[in-house]
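As written, the chain order gives the labels A, B, C, D and E, with residue 1 at the start of each chain.
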């Protein structure tokens, strides 16, 4: 469904220097597949998501979605940004329904659906608050609800649980998995938590920094439905060790 | 050194409803102590830091620092905000030196110190970049460097490693511990990672939500210097289990 | 009467003051209506502007200084003509304070005089100076805004300020309140007698509807004659239409105005007509002050043949 | 609401204080320095002149108010789409901006005869002149607001497939609201002076006309009365815009509120 | 730099195109509709008048330029501190703003006699009038910029113990730079028309003076030539401000750059 072919991305900074964010990325993602991306800070994870979302063009290579090149954002793709990025003037409910309204897919049930989603994210009673009246984690949850309400075929999530505590994170993870298995969308999930990546994904893409490349892709053979009890299994520990090794190898390779 | 006495904080929202963020918080922190705060999203952790920083007034009760009530920010207190909060028009180096310049403590060595700090945070070569040219994790590291450069006596950190991958997070944790033991400042460290809290802190304050209260305070008896190998120790696992229980109990109590 | 009424607009040369009471009272009393014309009046923004607008067809008739008509025709070939000479000489004057001790033009030698840019007084002054034998080069002109001219004089920042004598009445009233009195030195006293305000129209109106021109002038003559003989009543009618004007101000300036229309010269030439020598002198003065070609035949800008 | 209104009342006290102080200083210095009436009449003299010419003054005030309002609304109706057009692309901006600068740097009186000849001696030229005086700051501040949107929000809009137009309408415009209202406040004040300029150029009624006639007849106190009416009209319009902002876009004015409340 | 300059050249093409198209339409319609010279002279007639009166025109242009620049700098010097004062507290804002609105809604010509009598018929009243015409939009947009700073940055400043003044100088002011420059552009254009208004009020040289005298002498093409010089002056000043912004505050103008570059 999603196919990246030898994608390169170089940014030209304002101070004149060029930063090579991604080098030679090739990746295939099937419909309904859940792929996690891990890697050191600055290795190009967000850039990769932006490319798939059609928000920035590649420097070379191509991003294909349903066999058509991605040149601009699509209605069936939803993105959770790394920062919550809420509209400061709109209340929580309007923020969540914003994309739907923008795409004129708003109907009488939209508000109810949005309320239900907010409730599963533990935000009942905050529908009429403004973003600046929320805590950091609450803002992030609003952003997640916004993406989920779009019922996309491709869901791109950039460290969506970064500002959440262990408890909320677990709850949101399970809710995400439930929605994913019900709707069978393709998910690309950037995270800095190795265990989160393993618990959620079918495959984990490990990236190495400077320039961002794919170090390896790990298949997670844990049975579904997943639960946090699986953290103790041998397969989990094997995958975790493998990913840790890849990431920490990056350090040594870099230092060399 | 820092003493909170029966502190309460209630926000009055724009929609007219009041949110009780903190209720009856009492806490004593000694000079040079490292205290971590964990708790569910929205339980008032950021609000607590803001109170200690003197950025918002209490609704009732008092925050004392060196036996004087805190009514406004102090020069010897530095804060890392939950969002990076960089000046969009200034490059990385100027962002890091901004507080020092503002407080007229800038001298010829400041820039060199700032560069050295940025290097330990893995940001060498990015001194002349603008914030919007950095990845999320890089921005967060700049914000941490900014606070550390102030060499404060009280360091308030609000989920400073939230956007960092496992590797960078470990490196930054160790660097923080190194600086802390060298300078012996008091640190209040908000995190959503239980293991991070245990690895770093002398005591972990566990908060429960709605309204935010102190559920319990856990003493961490692990010897210093700390290292990630200690994660395997029995003391670590005992503390982790205790904290998990407290947090997850909050869920049940809330549901009831 | 049963005659169809022509709707006609007359553009004045400036805001309606007592100077225009003849027109307003004439309209109120039906001086034009009995000539088959339904006349309306609109304020003007200076003679030049009125001439331009009449030439552009905004209105068929206008009240404008003859110099503006001559200049527009000579310089820009605007098809405009004066059709009635209203003022037989110009009200150009110098105002001075009695307390300044100045009583004649000779005493203005080397003095400071307030002026506005493009003011015709400044253009004509050299001739006046020549006539009284002072050097116009020695005058210090102080450029300012029209509304500040009198203020500068009464605060004694300048010794004199040029105005039309018609405005003396209310200006002096204001000066009295400030404990001063204004003395008028009319240019005409030095023998500087040039024609001034006229009624004017365009060639097109004359060609298309000569009868309208004739009827319009008949109404104008009757309105002026009546206003001259019934000044107080004329002003009452004027003030009714123009509440900004106070009755005594109106009478003050109408009295003065009428002395420019009905006087010995008018009795010699007839109302609205010109004497060739004075017109000749007028052209010389206008041509030299506005830098027009002196050889140009000014009679093409004048057509007094429709006067009653 | 109640304490809000009280706070606003208290906030308006310094303005009243300043005004009253100014009037007192004015009245006293006129008497002490014996300033001539036709240069600067005392407030008391202005008051008397206004009272005695009241019906007339009212008539002219209403005439001007009509022009002001129509010119102001013309500014709003034309400026906002124009600002969006300018903000929508550097090309249109490069083509339109210089033309707008020209309309600003040439004196409006130079245009008046053309307008009157082209459009006739009716209300139209006055509205156009008022518009020309008032609209430019509104355009500039609206454009500034539309372009000041943080890039993240623009990216959010693009991710939601907002077209150029939707981006303008749903993201840039709401963000620009405080700036648009800043511009509207200037436009309100300038509409008043614009209407007077227009009346200097072509009108038989209105406060501009009254000022001219009163000055011509040396009734300076009445002329100043007209000026005072203009000032009042400016303040009332300005406050009306501010009130509209508070009522329709509470979050907009609250931006001020929060930042100043941190003190 | 090189491709940048080229891009800017290309960006300026529509402006030139628009100007040339406008001139052509103007010239042609004057001939086709036989518009009288004293209402609207053709560009060719204006050009001839300008050429034949060139040294004189240049002299008047320089005189006006002097007034414009002094008035503009007066606006800058006074508006920025004023804006900071207004932005610094709701109290000062409530006290000062209405007074500023008054200065805007009263016609400047009404002030002429007072200024001239009080200060004499010299350069001073002209600079004051220019200033009064130009400064208000600058104040309003600077205030809008100073108050638009996101609350997080204000909190950062407070955490660094920035006082009111430092907060203004080190956080609000840099943030407001794009808005200040928006205001400066308006002020530049308005300074030009302000200087002309000032010259109508009292001057023996300058383009305003030239317009009045040319009109009095029925030299309409020359008067329009003066108007064209004014328009040119406005555009040059406007572009000078824009250039200064690009040179001194590249990040400010780049805000436009990035947002428009997303297209």
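What we mean here is this: contacts are C-beta pairs under 8 Å (C-beta built on N, C-alpha and C of every residue); 3 or more make two chains touch, one makes a residue touch a chain.
In this text the structure is predicted, and so the values were computed from the model without any measurement.
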{"item": "Given subunit A and subunit E, the chains that contact each of them", "value": "B, D"}
{"item": "Pair with more cross-chain C-beta pairs in contact, given C-D and C-E", "value": "C-E"}
{"item": "Mean-CA-position distance for subunit C and subunit B (Å)", "value": "86"}
{"item": "Whole-Å separation of chain centres (CA-atom averages), subunit B against subunit D", "value": "49"}
{"item": "Intercentroid distance (Cα basis), subunit E paired with subunit D, Å", "value": "17"}
{"item": "Residues of subunit D whose C-beta touches two or more other chains", "value": "38-39, 113, 117, 151, 155, 158, 251, 258"}
{"item": "Set of subunit C residues in contact with two or more other chains", "value": "52, 56, 147, 151, 155"}
{"item": "Touching two or more other chains - residue numbers and ranges from subunit B", "value": "14, 83, 130, 132"}
{"item": "Footprint of subunit D on subunit E - complex, ascending", "value": "11-15, 17-19, 22, 39-40, 89-92, 94-99, 101-102, 104-110, 113-114, 117, 136-137, 140-141, 143-144, 147-149, 151, 154-155, 158, 164, 178-179, 182-183, 185-186, 189-190, 192-193, 196-197, 200, 208, 211, 223-224, 227, 230-231, 233-235, 237-238, 255-256, 258-260, 262-263"}
{"item": "Residues on subunit E engaged by subunit B in the complex (per definition of touch)", "value": "152-153, 155-162, 166, 170-171, 174-175, 177, 251-252, 258"}
{"item": "Complex contact set, residues of subunit C against subunit E", "value": "48, 52, 55-56, 68, 71-72, 75-76, 78, 116-120, 141-145, 147-148, 151-152, 155, 157, 290-291"}
{"item": "Contact set on subunit A toward subunit B in their complex", "value": "11, 13-15, 19, 38-42, 45-46, 82-83, 91, 122, 128-130, 133-138, 141, 158-159, 162-169, 192-194, 244, 247-248, 250-251"}
{"item": "Subunit B residues within the subunit E interface of the complex", "value": "53, 55, 72-75, 77-79, 81, 83, 85, 87-90, 98-99, 101-103, 130, 132"}
